[in-house]
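Paired with chain B in one complex and with chain C in the other, chain A is shared by the two complexes that follow.
Up next is the complex of A and B:
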């Protein structure tokens, strides 16, 4: 199974590299959202710092949607999803490969967004770059797990661009609340320790949806 | 005593909402069979192929492959299955070589690179092996599909309009591949409207009409013109 998921992951990353316009569009979109928020908030450091975590994760959520929607689009374009589904591999491997592809895509974006965010919001984000990257990884894992499952579920549905966020956003509320709280703690210089309960919630969310998505992906992909 | 059928379809029914597409279809496919499945547009042929390939669950009924229920053991079928469908099933931004290598790796084949090189040579795509397939013609896509079948070495082929876009040379090559495949004990179920190119090499003709198999005969029961006449009468 590991070999299969790595084969799928490698293929997805190769396609992402060759379609770099997806990544660039997603990055531009994120920077524009950050800019709009930056202009719309009062120009004082205190307001920026208190609102910055919320702004960051809303940006993550919205741009992450672009990453998700391209996930199965590639497979549908020339009927490759069918070829994948009849391959003699576990459907869990297909899910894991695609989920990890999304995760890598999101993390690369976060690595670029953190410095931009730090610049626009008087926030001490660059001082906590690795803590934020760690937090992004844990948050992105939950987002990618649930998002990949729902993206697969809505692939053949009309108005999937609307349906996917309608299904996904409410389910992501605990994840986002936890991420905002932990980020506030990091900015306050308390690291992860001060928000240990939120961190547990985040990890719990990841585990529940990773396992649930892995186990149900087989049923989701059958008509 | 007859050997057990390779593929057995028992009382398969498929509903989409209130619309019944397949009505209690029962059908066996034996090793060495080369069956043409005929029927008008909307008769349910593609839906049946999707159910047989495990892409779609029947609303009722069972599909057995080598005696195992597809619901309980889908991997047994997937290991032996080769499909050519409506879509080219390739990634446009990958080269011909990368596409075939990807699917060969998913089949855990030994020395996949050599197999891919050989298959590309045989379908006359070797000189395009590093070209991104998004610029290929529909005939080249079909040849990619044939190359994928060659690499995966299936025991059962489910083919949906495989001749579309193929030139005469490729049709001839593909037909020789199918004949060898059936002779070596493989089973073929082919949906096609291009009877003229495959009638002679098939062994059995079935007609699906309004969700039911209405006719199932050995190909030797007809000559080509008789089949056309019979088919036209049956589908009127």
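Up next is the complex of A and C:
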């Protein structure tokens, strides 16, 4: 199971790194969203402090969506899906491989997004680089779990570009609220200590939906 | 006389009696006055909506487990009726909120949870529309219903920490007399009427869905 999972993860990451256009597109999309926010919100630094967590996570959600929708698209275009399903590996391994691929992809993006965010929107953010990266990892896990399940589910569906966010965003409300609150605590200089309840909620969300998505993925991928 | 016809007559009778008593017999509430009478629609609607989504959740689990089409039909019908009552709850709540809280909408925990619940199940119905009618549609929809239902406690916890304004539940509060007796009995009666209405709509919708699928099958066979 672990070996199968790693094979799929390796395949996805290799494909992503060789065809860097996905990553570059996602990165520039997030820069453009940050620009749009900078233009449309009041320019003073004080306002930016209270707006920064919201702006960051909305940027994360929007650009993360791009990363999700390509998840199964590649398999579809090349006709690999059937081969993957016929292969003697469990659906759980496919799910975990895909999910971890998305997670790594998202974390790589965050590593670049945090400096860009601090450059364009809220300069003190860079001082909390590692806290933010840690928070991003926890948030991205929940996002990647539900996102992988739902992007697998909507691969065949008409209008999937619109249906995926409609299904995904309401489900992600607790994740978004928790991430925003914890980030405000980090920006206030209190690290993770300030919002421990939110952190518990966030970790609980991750665990519940990691397990639920892992279990229900079998039903998505039936031949 | 069939079961659904008896149910329909009983519903019509119960609704007529309820509406007569609401306007003629039930005393005016002291603080809020006439507008409080909207409670007799608002509270039963939300309870029916919870019941409907719970049925959809159970039927979805049943479908993934047993793969009987009946479960899928029940889940579809229940969530469709549930969305209508959820919408009714939001609309009557807004009408009630305007004179009592001086605003149609506020980002209170319960209002927000109900709205997100509404959005999740609207997404569920959209998914049903976008996926071709098949056994695949049933599987996908069941997953959304299960995941969505599991998310509700987390959403509720998150938005409760976020903000709270709604009066605590009048019906299930343990703090003793929060509601006068005549109003309470009136509310119980309207609840019975609404549950009857729900049962009637549900059986009708299930019959309709069955007939529709039968028709689909016959047309497919004829081709």
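Note that the second predicted complex is superposed on the first by the 220 of 223 C-alpha atoms of A that agree within 3 Å, B and C clash if a C-alpha of one lies under 4 Å from a C-alpha of the other, contacts with A are read in each partner's own complex, and residues count from 1 in each chain.
Keep this in mind: a residue touches a chain if its C-beta (ideal position, glycine included) is under 8 Å from a C-beta of that chain, and two chains touch if they have at least 3 such contacts.
The structure presented is a predicted model; accordingly, all values stated were derived computationally and were not measured.
Q: Compare chain B and chain C by how many residues of chain A each one touches, and report the one with more.
A: C
Q: Just checking: does A:11 make contact with chain B only, chain C only, both, or neither of them? Give me first, second, both or neither.
A: first
Q: Touch check for A:133: first (chain B), second (chain C), both, or neither?
A: It touches nothing on chain B or chain C.
Q: Should A:196 be classified as contacting the first partner (chain B), the second (chain C), both, or neither?
A: Neither chain B nor chain C is touched by A:196.
Q: Go through the superposed model and pick first if A:89 touches only chain B, second if only chain C, both, or neither.
A: first
Q: Quick one: classify A:36 as touching chain B (first), chain C (second), both or neither.
A: Neither partner.
Q: Going by the contact rule set out at the top, does A:204 touch chain B (first), chain C (second), both, or neither?
A: Touch status of A:204: second partner only.
Q: When the two structures are overlaid on chain A, which partner does A:222 contact: first (chain B), second (chain C), both, or neither?
A: In the superposition, A:222 contacts both chain B and chain C.
Q: For A:178, decide between first (touching chain B), second (touching chain C), both and neither.
A: In the superposition, A:178 touches chain C alone.
Q: Name the residues of chain A shared by its contacts with chain B and its contacts with chain C.
A: 222
Q: Any idea which chain C residues touch chain A in the complex?
A: These residues of chain C touch chain A: 64, 116, 119-120, 122-124, 126-127, 130-131, 136, 139-140, 142-144, 146-148, 150-151, 154-155, 157-159, 161-162.
Q: Flag every residue of chain A that touches chain B in the complex, lowest number first.
A: By the definition above, chain A touches chain B via 3-4, 7-8, 11, 14-15, 18-19, 74, 77-80, 82-89, 222-223.
Q: Considering the complex alone, what residue numbers of chain A touch chain C?
A: Per the stated touch rule, the residues are 146, 149, 153-154, 156-160, 163, 166-167, 170-171, 173-174, 177-178, 181, 197-198, 201, 204-205, 208-209, 212-213, 216, 219-220, 222.
Q: Give the list of chain B residues in touch with chain A in this complex.
A: Per the stated touch rule, the residues are 50, 53-57, 75, 78-79, 81, 83, 85-94, 98, 102-103, 105-108, 148.
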